[in-house]
Structures are given as C-alpha cells and as structure tokens.
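Listed next: structures, encoded as structure tokens.
In what follows, chain A forms one complex with chain B and a second complex with chain C.
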Partner chain A sequence: MTLIGISEVMRSLPELWVGLRFTLLLVFASLAIGSIIGLFVCLGRLLGRGLLVGLCATYTTIFRGIPEVVLMFWIYYCGPLLGGFRPSSLSAALVAMSLYVGALLSEIFRGGILAVPRGQAEAARSLGVPEFWVWTSVILPQAFRIVIPALIGVAALTVKVSGIASTIGVTELVFEANVTAGQSYRYFEMFTAVGVFYFLILFPMSMIAKGYERKLVKRRK
Partner chain B sequence: METTPTIEDHDSSIVDIVPKSARGVLRQVRQSLDPVSVIVLVAIAIGIYNVIDWSQIRTLDFGIIIKFWRPLATAAGMTIGITAAALACGLVIGILLAILLELRIGFLRYVLNAYIEIWRNTPLIVQLFWVHFGLPMVTGISTTALQSGLLALTLQSSAYLADIARAGIQAVPKGQWDAAMALSLPARTKWIEVILPQALKIMIPPLGNLAVSFLNGSALLGVLSVGELMTISTRISDYTSKPIEIMTVVALLYLAINVATTYLTSRLERFAGAPR
Partner chain C sequence: MTDDQMLAPIVTCTNVCKRYGAFVALRDVNLEVSKGEVVCIVGPSGGGKSTFLRTINGLESIDSGTICFDGITIPGPARNVGLIRREAGMVFQSFNLFPHMTVRKNLILAPVRARGLSHAEANERAERLLKRVGIANQIDKYPDQLSGGQQQRVAIARALAMEPKVMLFDEPTSALDPEMVKEVLEVVRELAGSGMTMIIVTHEMGFAREISSRVVFMVEGSIAVDAPPERFFNAPSEPRLESFLSKVL
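Our next item is the complex of A and B:
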C-alpha cells in the first residue's frame, strides 16, 4: 500500500462519473421544478389575498426551517405509509430538494420584485401601459437583474444539498465515493477527490456571483 | 371597489395576519375568503385528502412521543449545543481571519482566501466524511464522531463567518477608521473598542441566517451517529418502527428551533440598535 493512493482514485473514476451524473440530474431537475414552485408561491404572496398569502408564507417558513436530511427521510420513509405511492430514493430526494429549492427561490423572487423601485411601476402605469406589460417589460427584467447573484447562490446551495441525497441511497457523488472508498480503504484520497470535484463546480459559480454583484453595486453608484 | 393589485398592499407575513381589533377581525375574515384563495385551498385540501391513506392515519399513535420525550429533548438540546459551540468557535476564528485579511499581508491573504473558499465551496457532508474517515488515515489521530462533527462544523462556520466578519468590518464607516488613526489609538484598542463592536452589530442579521442554516446542517451529523436529534430520532424510529410519528415530531422540533432562532435574532437586532 503506497502512501497516497492516486491510482485507486483513478481506477474509481468511472464510478465517480456515474455519481456526478446523478448529482447533476438532481441539481438541474430540482432547480427546474423548484423555480416553478417558487414562482407560484412568490406570485401567491405578492398578488394573492387573504388565506393564500398566509399559506404561501407558511410554505416558505416550513420548508426553509426543516433540515433537508429530515425532509428526505420523511418523504422516503413516511410517504409510502401515508399515501399508497412508493417513491424510489431518487424521486424522494428530488421531491424533497424541489420543495426546499422552491421555498428558497420564492423568497428570492419576492425580494427581487420588491427591490425594483416603486416609481418604475407607477411611472409605467401612469403612462397608461397595460398591467401585463408593466410586469413583463418593466418590473420583471429589472427584478431578474437584481436577483442573478442570489440565483447563482441558490444553484450552488442545491449542488451542496444534493450530497445529502446519499443518506437515503441515491447513487450520486458522495454515495459512490463512500462505496469505492470502502472497497479500497482510501477514504482520505477519495473524499479529497470528491471535494475537488465539488469545488470545481462551486468555486466558479461563487466567483461569477461575486463579480456580478460587484458590477451591480458599481452601476448603482 | 376593485383596484389593481400592487405589491405593497400584500407584503404581509404570518405575523401580520393576526388582526388588531374586532373590525379588523371582520375585515380579515372577509379578505381571507377571497375567491381565489378559497379555490386554491379547496383544491389543495382535495388533493391531500385523495393522496392520504386514511386507514394508516387512524393507526398513528403520537403517544409514543410522550414515552420518548426525554431522549428527544436531550437530543434537541445537544443539537442546539453543538451548533452553538461550533458557531462560537467559528465566530472567534472567523473574526481573527477577517482581521488578518484586513491587515493586507500579501502572501497570507492568498492562503486565508484559499482556506475560506475551500470550506465554503464544498458540501458539509463531504467535509464530515473527510474529517471523520479521511483525516485519521493521514494524521493517525482517530476522532470520535462527536469530535469530527464539531470539527467539521467549526471549520465550515469559521469560513462563512470570516466572510461575514469581513463584510461587517468593511461596513464600519470610514470616519471611524480615520478618527481612530487621528487619535493615534494603538491597534488593539482600535480593533477591540472601535471597529469590532460596530462590526458585530452589522453582523447580527447574517449571523442569524447562518445559525439557522447550521442548525439544519447539524442534522447531517446523524450520518455519523453523533447522538444529536437526528441520530436519536432514527434510532427511536428503528426501535419502535413508528417512523411517521417520530419523524414528523422531529421535523416540527427543528422547525420550532429555527423559528425561535429567527425571532431571537430579530429581537437581538432591535436590542443592539440600528447600526450607524
């Protein structure tokens, strides 16, 4: 046994590649579903009335306040008992992550829309711009520009949360690393390699977000 | 009268829903029974009614929680304790890192930035495994699950807190720095009595968010069987084979802890006074 097992890591690259594909699948799918959920919850909070507003606010509080691990366990182990359905570990993880991402995104969308200066919408309305165009060509484009860094942040967070799916047995990156490390007993090398994988995905994202944020601040000045 | 829905009218949270007077109650009820709300709620209720297996619901026995309340409470306390300890250590390390970064020592800056970026840009679960299974193979020192859990949480929180502390320090108005320099205060006095107290005030809101995300993150320690809430709850649900009851209550416990933390943060923010 050599001191540093680079060869073991190289040998298990195919497994890690399979894991990486599952990780990316989880991330993209939950971001897609989560943004639809987030959009509806955000609209419900901003435009809805009465109970709907409370319902949407409660949704956000609940799914931001429950740890993702607990949520995944709940859906995976309790879902089958409560409803007739039997989710695979992948779909359970996907549902849990989508609910979580939806809660985060609803807050970000809402923050972005509220951050557009009030005068913008008022000016458009007083010019007689129809309500539809006030939203689609005045409020939303500006809101989108404001929330881009936060959106990248949520995407990065989703990548990190996807690692938790290994606890219910989704064969993504962390899971594969655990299995292959268990075979070769090269935990240090394997988890360093996986850490590097994640870092290579996440570091550029955080740099882009930071750079864009700096640009936004500069523009505002 | 129908008015165009504007954003400002509906910027309410759960707290705002509590009415203030009898007339308020009436208005609240009338507003709550807005047709769109009612339709959506009924649709959701019908959906849930159809999905749920009601024969299962009848067999649920939440009495099990009363039987196991003591270990659950202890474990919840441990979750809070672990998170608080990790955040406290992380805060000290983070502030030190931020001060070192502000001193702008060429080479050291790159090292510290690398440290911060590494811990910020990898998932907690990988760090946990790395610390628990990986590090002992290199250092030869084997750590208990609790030690590695605490270590991983502290390392990650120190990186996040260094970033928050850096932002807090940079947000202290320039006049304060100039004043400290004009009075030729020694470096120690400048930091401890002028800059840091003001920076800490600015740091309170992001600190509260971080506390919530680390309370959620601490549930991951269940993977290593540290003995906090997640560990204990999986153990109890395996033992009693009543996962629904235990998991539901544990989820609500975490939710309660997080809501309480958010509330305490906002109180602390008000207590400390608005910065600047």
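Our next item is the complex of A and C:
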C-alpha cells in the first residue's frame, strides 16, 4: 500500500463523475427555479401592496435566516407531518436550495432595480411607453447589468451549498466521495480530488466576475 | 395654421394644487396655452416650476384642480395619463437617455411600443429627426459616447419621434457645460420656428425673452406674473419679479 493512493482516485472516477452530474443538476435547477421565485418575490415587494408585500418580505427574511442544512432536513422530514408523503432526497434538496436561492436573489434583484436611476422609468413613461415595456426594455435590462457580479456570487455559493445535500442522501459529489472513500479508506485522496473538482467549477466563475467588474469600471471612466 | 387654430387652447390648467405633507408645492395654478404658443416659465429655485411642468404629463399627481390636455383631462379615467403622455414630449434636465441602448434604439422604442409603428417606419423617422437636430452621424453610438449637448439633442429627437402635440422642457440646458448650451437652444429655437407648442422651464433669460410668446413667473407655488416678454422684462409689475430680475439679469 502506497502512501498516496492516486490509483484509488482514478478507479473511483466513474462514481465521482456521477456525483459531479448530480451536483451540477442541483446547482442549475435551483438557480433556475430560484431566479423565477426571486424575480416574482422582488416584484411583489416593489409593485404589490398590503398583504403581498408583507408575505414577500417574510419569505425573504425566513429563508435567508435559516441555515441551509436545517432547511434541507426540515423539508426532507416535514412531508410525513404535513401530508403523509415522503419526498425523495433529491426533490427535498432541490426545494430547499431553490427556496434559499430565491430568497437571496429576490434581495439582489430588488437592490438592482432600485439602483436604476428614477429618471429612466420617468423618461420611458413620459414617452407614453406602456408599463410592461418600461420594465422589460428599460428597467430590468439595466438592473440585470448591475447585479451580474452578485449573481455570479450566488451561483458560486450555490455550488458550495450543494454539498450539504449529501447529508440527506443525494448522491452528489461529496456523497460519492464519502462512499468510495469508505470502501478504500482513501479519504484524504478522495476529498482532495473533490476539492479540485469544486475549484475547477468555482475558479472560472470568480474570474468571469472579476473580468466583468473590471469592464464596468473601465466603462464608467 | 389659421388664426382660429392658433387661438384654440391645447393645455388648460385650472386651480392645480399639490402638497408634500405640510409643504404646499403648487397653489391654485392657472395656465392656458394655445396651439403654437411658446411659454417660458421662470422663477427662483423651489418655486414649483418643475413640479408644475411634471403635473401636465402626470409624472406628478395633483391633489386638486384639473388639467385638460387637448380634450383629455386629469383627474379622469386611469388611461388618460397614458393618452396625454403620448401627445406630450418631455425633455429632462439630466437627459435621461437609455444608456444600454444605441441612439437609434433610444429613438425607436416609444414609436414602436406606444404608437405601434413598424421598426422600418420608426427607423426612418429616427434617421430623419437626428438629421434635423444635427447628429445623424452618431446614430449607432451609445449615449455615454456623446457630449452633453449631443445627448440633450438626442433626447429632444427622442421626444419628437412620438410626433407630440406639445413639447415640455424641464431646464434643458441647466446640466450642460456653457459651450454646449448654444447648440441645444439652437434646436429649441428651430422647433419654435416650426410652430411647435412648447412649455419651457428655464433659467436662460435672454433665450426666454427672444423665443417666448409669453413668459410666466412662478414663485412660492403660484403664478405671479403671466405676460408677453416685452412687458415681462421691461416693465415688471410685481415686486418679487423685479427683485428676481435684478438678481439674474
């Protein structure tokens, strides 16, 4: 037995590959669902009135304030209590992550929309442009540009948080590493490999964010 | 235009009042503007000039009184504000061009979305109007690539692209460097010459005197003087106007 088991890692690559695919599935799906939730919640807070505003604000506060791991366990185990069903670990993880991402994004979207100067909407309205187009042609495109760096930050956070899904049994990257390492006792090597995988996903994202911010600063000059 | 058309009022504001909490921004403002008239509104800062201008196209709501714009009144059915906005072009102090769109797209947006023009028609109109304001060669640039004077001329062209019946100017030259004021006023002067009805809030007294059919002095939220430019500047009848003119002339 050698000190560092590279060959064990190589042998486990098929399992890790399965894990990586589940990780990416969790990340992309929860970002997509979370974006839709986030957009509606933020528009509810900005355009709604009365109860709707309160509901949206409460949603944001609650799901930003609960640790992700608690949220995941809670949703995984609340099914039998609420309706006598048992969600699969994958769907529980997806729901938990989407709700969490949605809460984060709703605040980011709101900040972005409020950062668009008031005169922009006024100019569009003064031209008689219907409200739908004021939002889709003037406000949202500008807000989107403003929030791109923060969006990349949330995406990176989602990648990291997805590891928690292993605790309720989703066969993503951390889970697969744990299982295969359990067979070979090569925990150090396996988790080094997992660390490299995560780094290869996250590093390009931070580079893109940095490049974009540099471009923004340059344009402002 | 016949004399009869010239005299028909197109904007009639009656007893317009507006409060912000305890502060009275507009106090029983009455103003009638006829077709083809150029009315300049001058007065000290905080006198309600911009607020009043913004009530005409519904950017500011009013607490009482009525505004009648070419037969459409506010307060009235909810759609009235939208109807007025399509017929009233507005030019802002800070230009408010859409920074994520080229000049061409800035001019095309409203005619396509609010008037239902085809892209080709709107594009043809955009090119014609930019030629008119003297910046046809900048059509595919972004606003931040233009000088302040050029941006304001684009903003005027953008408002004209809706073929409005009245143009509202809210201190169009106040944010400009001095050397760019002239090129913008030149465009406004050309518009006046073409018979466009205009209401202009301005601090350019010389310009107001030259271009106006009437000059209105607004102070403390109401209209204190409404007179032809000759009388307004040469024989001010109001002590507050006299004191204002002695400071700015």
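Rule of thumb we're sticking to: the second predicted complex is superposed on the first by the 220 of 221 C-alpha atoms of A that agree within 3 Å, B and C clash if a C-alpha of one lies under 4 Å from a C-alpha of the other, contacts with A are read in each partner's own complex, and residues count from 1 in each chain.
The definition used in the following text is that contacts are C-beta pairs under 8 Å (C-beta built on N, C-alpha and C of every residue); 3 or more make two chains touch, one makes a residue touch a chain.
What you are looking at is a predicted structure, and each value in this text was computed from that prediction instead of being measured.
When the two structures are aligned on the shared chain, A:G211 is found in touch with neither chain B nor chain C. Measured by the number of chain A residues touched, the leading partner among chain B and chain C is B. By the touch criterion stated above, A:P14 is placed in contact with neither chain B nor chain C. Legend: residue contacts after superposition of the two complexes on their common chain; A:S126 is shown touching chain C, with no touch to chain B.
Touch criterion met: A:V138 reaches chain C, while chain B stays clear of it. With both structures placed on the common chain, the touch criterion links A:P67 to chain B but leaves chain C unconnected. By the document's definition of touching, of the two partners only chain B reaches A:V174; chain C does not. Counting contacts by the rule stated earlier, residues 125 of chain A appear in both its interface with chain B and its interface with chain C.
Those residues of chain A whose C-beta lies close enough to touch chain C in the complex are 117, 119-120, 122-130, 133, 137-138, 141-142, 145, 219. Of all residues in chain B, those touching chain A in their complex are 4-8, 10-14, 17, 28, 31-34, 36-38, 40-41, 44, 51-53, 56-57, 117-118, 120-127, 129-130, 133-135, 137-138, 212, 215-220, 222-223, 230, 234, 237, 243-244, 247-248, 250-251, 254-255, 258-259. Residues of chain A that touch chain B in their complex: 44-55, 57-58, 61-62, 64-71, 73-74, 77-78, 81-85, 113-114, 118, 121, 125, 131, 156, 159-164, 166-167, 174, 177-178, 181, 187-192, 194-195, 198-199, 202-203, 206.
Chain C meets chain A in the complex at residues 57, 59, 82, 85-90, 92, 94, 96-100, 109-110, 113-115, 144, 155, 158-159, 162.
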